[in-house]
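Next come two complexes, and both contain chain A; in the first it sits with chain B, in the second with chain C.
What follows is the complex of A and B.
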């Protein structure tokens, strides 16, 4: 048992790693040139190159993958030569990167070729003073270089006597700025340390938006799960036991019809009938405050829609499995030896018949969390699915990767749970 | 009152005279007079004097206080009710520095909290707002702005010229990166902005311009307190009727009424009437269902499909307003066959304007002439609407084909985006142009795909947005720069010397009548040899539940909510 679970855990870890790599590469290939999307089609190649460098996109992909996974402050620390720390700015409430130098927290800035030190004050503001000449180090090509932290939370490399040129994005277009660094490393802690980076879409950390979306989705998916699964298993078992009888036919045909109807059709009909004509339920999930997620009335229609889609599938799976088990010799034996029918079904049949549905159910947990984009859009539900959709349309790779990784974790995690339930249901796995 | 009588611009009296003789309408007079710095009260008084039935009182119209906010005076209902929440569906994006705003949606949230010096109403008339009035010198190069007194920010600080100067500084600071920077480049920088006293600012423009009041209502131009540090969400300070209680990108914005707002309602209490506004960021399809069930009360910028779905629903009111937004059928005049004016004219003759309007926009618009000036513009010169003439077009094309030695039909590709009404217009045009000898292939792509190449395609339909004055779009799209190259947005590459000259003249002409006369020539040139066809100017709608009163549709979808009240 323990060995089986251990093996599952190990394979989970390996799967996670491979998937994260694949995901990163997919987004890499699929998202195209994000700078064109952000800067617009009228931007020049130099402007795009400058902006790519500022986003750290000029690094090779394996380095960026590493940055994304485990962060890059440790890499930048070696270049800067001082520990890098994050401090919350009491005014804006956002985390900022600073270098810890001899009891002070510093950032740097260049003006007319001269490097200035910005010393962090208690209230979050900074005091400016010229940096000593001793900061310059010899670079790889013999020039004097300096690695520091700039005001945009990046490790940056300036070259003495050779100020760089950067294009800064403003709403009025690209602005050319001299005294710019030559290389950038946008500092981040990495996904494993809970920092998926900045969202290009909102301009705020991904983690500022994601948790609410995850909670919303968990509430919706959890409710749908709690409604669908008991119902589906019940109907499936009833149909399976009554194979061929009118009750079975009714359940089978209804579930087939429900499975065959796409969720946007069911959803729109439910909205029209219950929401707009009869006015018994709110047709969409408009959250006027964050706590509206607990207003269950709002969630009735999305849960009903999900139930309609999910129910038929699991019912048919359970029924088929049940029919198979009910026709097996050991069940016949149990009936023949005079055991009460109810006991035969619940003691002997159900347990074996549930093996196949469990796999399906576990897969559906995953689908409920991220795959219900259509339902979320129809009802205007602010969940994880629509978040990934919006982010993908924008090309917001940090947000897509973070949200997708989360879904992968759930997928792999539910598989793990499925495995454990298997072992409990089936002793053969337990002892093999 | 000890207040000095404001100086009345000499041209206003001239306009008053024209009004009296029926040469301009009252609306045009109002627009004109307020443009030249008369407060609306003054202008109304002058207009009243000019009514043929009223006793003629040459030039005698002292402004009475001049303090009344213009929109509040119009159509005041007998009683209003206070309280209630307005819930509106609108996408919410990132907001940081208001001067940097690039979306009307963001501006709609900010404008509830912070306000503009002027206000361009749904009628395209620009009025003083935080300003009490303005004055233009006779050469329209010096503008004096008189700030209203006694207005406080929601942090208790009083609004003075210092705040306005600070805000102008933010617009002109390249580090802020405001789109105002380009728009008001003719101001010539901060050194031309003079603080006369605590409530007076004088602008010494580098080049004369008559659109200063309109530019002060450009959506990033809200007035900020001089203590502003750069992020509006963290420091939502303004003079507006509401305060920002919550802002979450992609989720919602919650605004609460402020008790000490400077404008007063018809019941004598300070505005606003509503207690609360909530913007919710939901998908438009979901919003259509939500408004019918009363989960929300209004939808930002309804699409034509939303209009169709909601126009006959009881309990929901649709307000529509004509705009200068349009779909421009345009050709590249530097490419064959469009370099020949006969082909261009033939294509323009293929527009059955009424039919195109019906097919693509259910008749919700004003048919247009083939010049980029809308009938809602004050200086629009009325011209007959050209008729659908496939025979005339065919004759022109046959002449062209014979000359070039080619066979009709002429094969061309029409590019546009799969958006609001463009595919329908393209399809209609394809059918309408067939008898004339055009064989049009449609190339319809996603909006971003079209915007990637909108200036490059040889035949296309481009959507152009609303601007309050007729002279504002023409220099963006139909002239060349100093080096003789077409300006960046000149998608047609059409440059016409006579046209440019006339346009420059119009841009300097304050006199509305005179400007309209120049406009007649400009429109004639564009119709005769220009590169564009305009079938119609579209309406926009404001769709709001009927219990809300005082709702108006604004041509640019700006939300003016401080006077809306809800019937209990």
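What follows is the complex of A and C.
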């Protein structure tokens, strides 16, 4: 069995690698020229080119894939020649990149052709002093170049006597700035080390928004799960035991109708009936503060919608499995030897019948994720689903990739767990 | 010396295709559930055909007041641009079932949902047959790639593909093809694994037939039963998906009506005209339920004697 689990682990790793590559390439093709979205359609080609370079988009895709996956600080460290560290700024609370040089944490800036060192102080501010002339190194084309860390968390290359020109995006629009570096590497730790980069939509790190969204979605999905499971198993078992009777027909048809109705239709109907005609529940989920996630009144409609969608599927699974078990010879034997029917069902049938649904539910998480995206969009629920939807519409590739990889990891992880549980529950696989 | 000749009895020819098709349909009528499903599907097909030649008003013209409730002139009311909802609801069947608009202005017969399912059937069958029949490295590689595809939550794949390629009928077809193919491939692979152990495959191999001949002429026709049932279910999923995409605003391009985007438009004016969300919602739900019932009936009847 250890071999089986090892094999599925290995296969999962390969799957995850393929998924990450496919996702990256798809988003790569898909995001088009993101600078047009950020800078507006009236931006000039020079402005766009400069902004692309500042985002690190001028590098070839395989380098960016590597950066995205495992980070690029190790690559930049070789260019800068000093270890690069992240330090939290006590004033803004955000992580900043600094170079560790001889006991001090430094960044650099160029003014009038002269490089200045910014020395980090304890309170997060920086002290400014001119850098020594010895920092310049010989570049590939004979000019004197210097690689350092700039104030926007990028490794940057300045050229002596040849200040660059860059267009900086400010709140008031584009500003042209001289004394700019010639090349940039936006520093990041990479997805595997927990840093998916900056969100282009908000201009803040993706990790600043994502955890809250994940928690909200987990609360939503968890509540739905707690409502669905007991109900679905109950209905499934009742229908399975009464196969072919009117009770079974009613349950089967209702669950079929529930599965075949798209999430948004169910959601809109619930809004219409409970939110608009009867006015008993708020028709949207607007969180005024972060603690509103525990305001159950807001959660009832999204949870109900998700329940309706999931319920039908699990009921059908459970029913099918129960019918199969009830028709098997060992149940017939148990009934024929005079065992009470209730005991046959609960002691002998249910245990075997629940094995299939439990594993199928694990495989089903993928489907649930799809439902969550739609439900969150319908109700305006601030969760992972509406996050990925907004990010995809905007073309915010860092956010889309982070959220999508997270969803894929959840889906693949639960499938792995489902496989293992199935192996543990099924003696035929366990002992082979 | 008399040699025994195989005799062909002219009265016992193979039944013609039409007869066999009729026999298949007759099977559906054995099941009450299947009949109801077929009726629901046929209702929408008929509506689609009628909408080709006649709708009460032009579906894209703003002829009336906005957000009217159902009344004598507009049986189902009007939408937020003053367009007749009944006409739009009827025309909405066309993009799903009857026609596909290509980017260069051409119109293909047969709707987006059906092309999408055909696409996933073709792709899935080719992959599944190769994986199942050839086995070994083919199987490993194909299944690994498909596992990666299955790992994507569908909706994420839709979002990314449509963000990548823009809106359009063919993009939706592509998205449905890509998301549907892994499921078809798995089914075909399991069927092929079973069928390839039979004697007639040995015979074909001994004759020296090529692998492609064996896969498509010997194996595929014997796997068609479960595939047809699966395809019916998939058309339902595809309509479901098109509705969801339309609702999210990334589906079939406007202005031609599409049920999903009709729900989305009506949802914004739900206080002014609450019934407008009901009609397209009911339409999607009934068509998908119909296809599911039909598929269920078909499966029940085809597997009844196999147990």
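Details
Just so we're on the same page, the second predicted complex is superposed on the first by the 388 of 432 C-alpha atoms of A that agree within 3 Å, B and C clash if a C-alpha of one lies under 4 Å from a C-alpha of the other, contacts with A are read in each partner's own complex, and residues count from 1 in each chain.
Just so it is clear, a contact is a pair of C-beta atoms (placed from the backbone, for glycine too) under 8 Å apart; a residue touches a chain by one contact, two chains touch by 3 or more.
Since the structure is predicted, the reported quantities are computational estimates derived from the model, not experimental observations.
In the superposition on chain A, A:79 makes contact with neither chain B nor chain C.
In the superposed model, A:209 makes contact with chain B only, not with chain C.
In the superposition on chain A, contact of A:300 is made with neither chain B nor chain C.
Once the two complexes are overlaid on the shared chain, A:377 sits against chain B and chain C alike.
In the superposed model, A:412 makes contact with chain C only, not with chain B.
Contacts of A:256 after superposition: chain C is touched, whereas chain B is not reached.
Considering which of chain B and chain C touches more of chain A, the answer is C.
Shared-chain residue A:69: touches no atom of chain B or chain C.
Legend: residue contacts after superposition of the two complexes on their common chain; A:271 is shown touching both chain B and chain C. Where the contact sets of chain A with chain B and with chain C meet, they give residues 271, 276, 283, 377-378. On the chain B side of its complex with chain A, the touching residues are 87, 89, 93-94, 96, 100-102, 174, 176-179, 181-182, 220, 229, 231, 234, 248-252, 254, 278, 280-283, 285-287, 289-290, 292-293, 295-296, 451-453, 488.
Here chain A touches chain B in the complex through residues 41-42, 91-93, 168-173, 175, 201-204, 209, 212, 271, 275-276, 279, 282-290, 377-380, 382, 386-387, 390, going by the rule given at the top. Chain A contributes residues 11, 14-16, 18-19, 22-23, 26-27, 29-31, 256-257, 259-265, 268-269, 271-272, 276-277, 283, 366-367, 369-370, 373-374, 377-378, 388-389, 392-393, 395, 400, 404, 407-408, 411-412, 415 to its touches with chain C in the complex. By the touch rule above, chain C contacts chain A in their complex via residues 144-145, 147-148, 150-156, 159-161, 163-165, 236, 240, 243-244, 247-250, 260, 263-264, 267, 270-271, 274, 277-278, 281, 284-285, 288-289, 291-293, 296.
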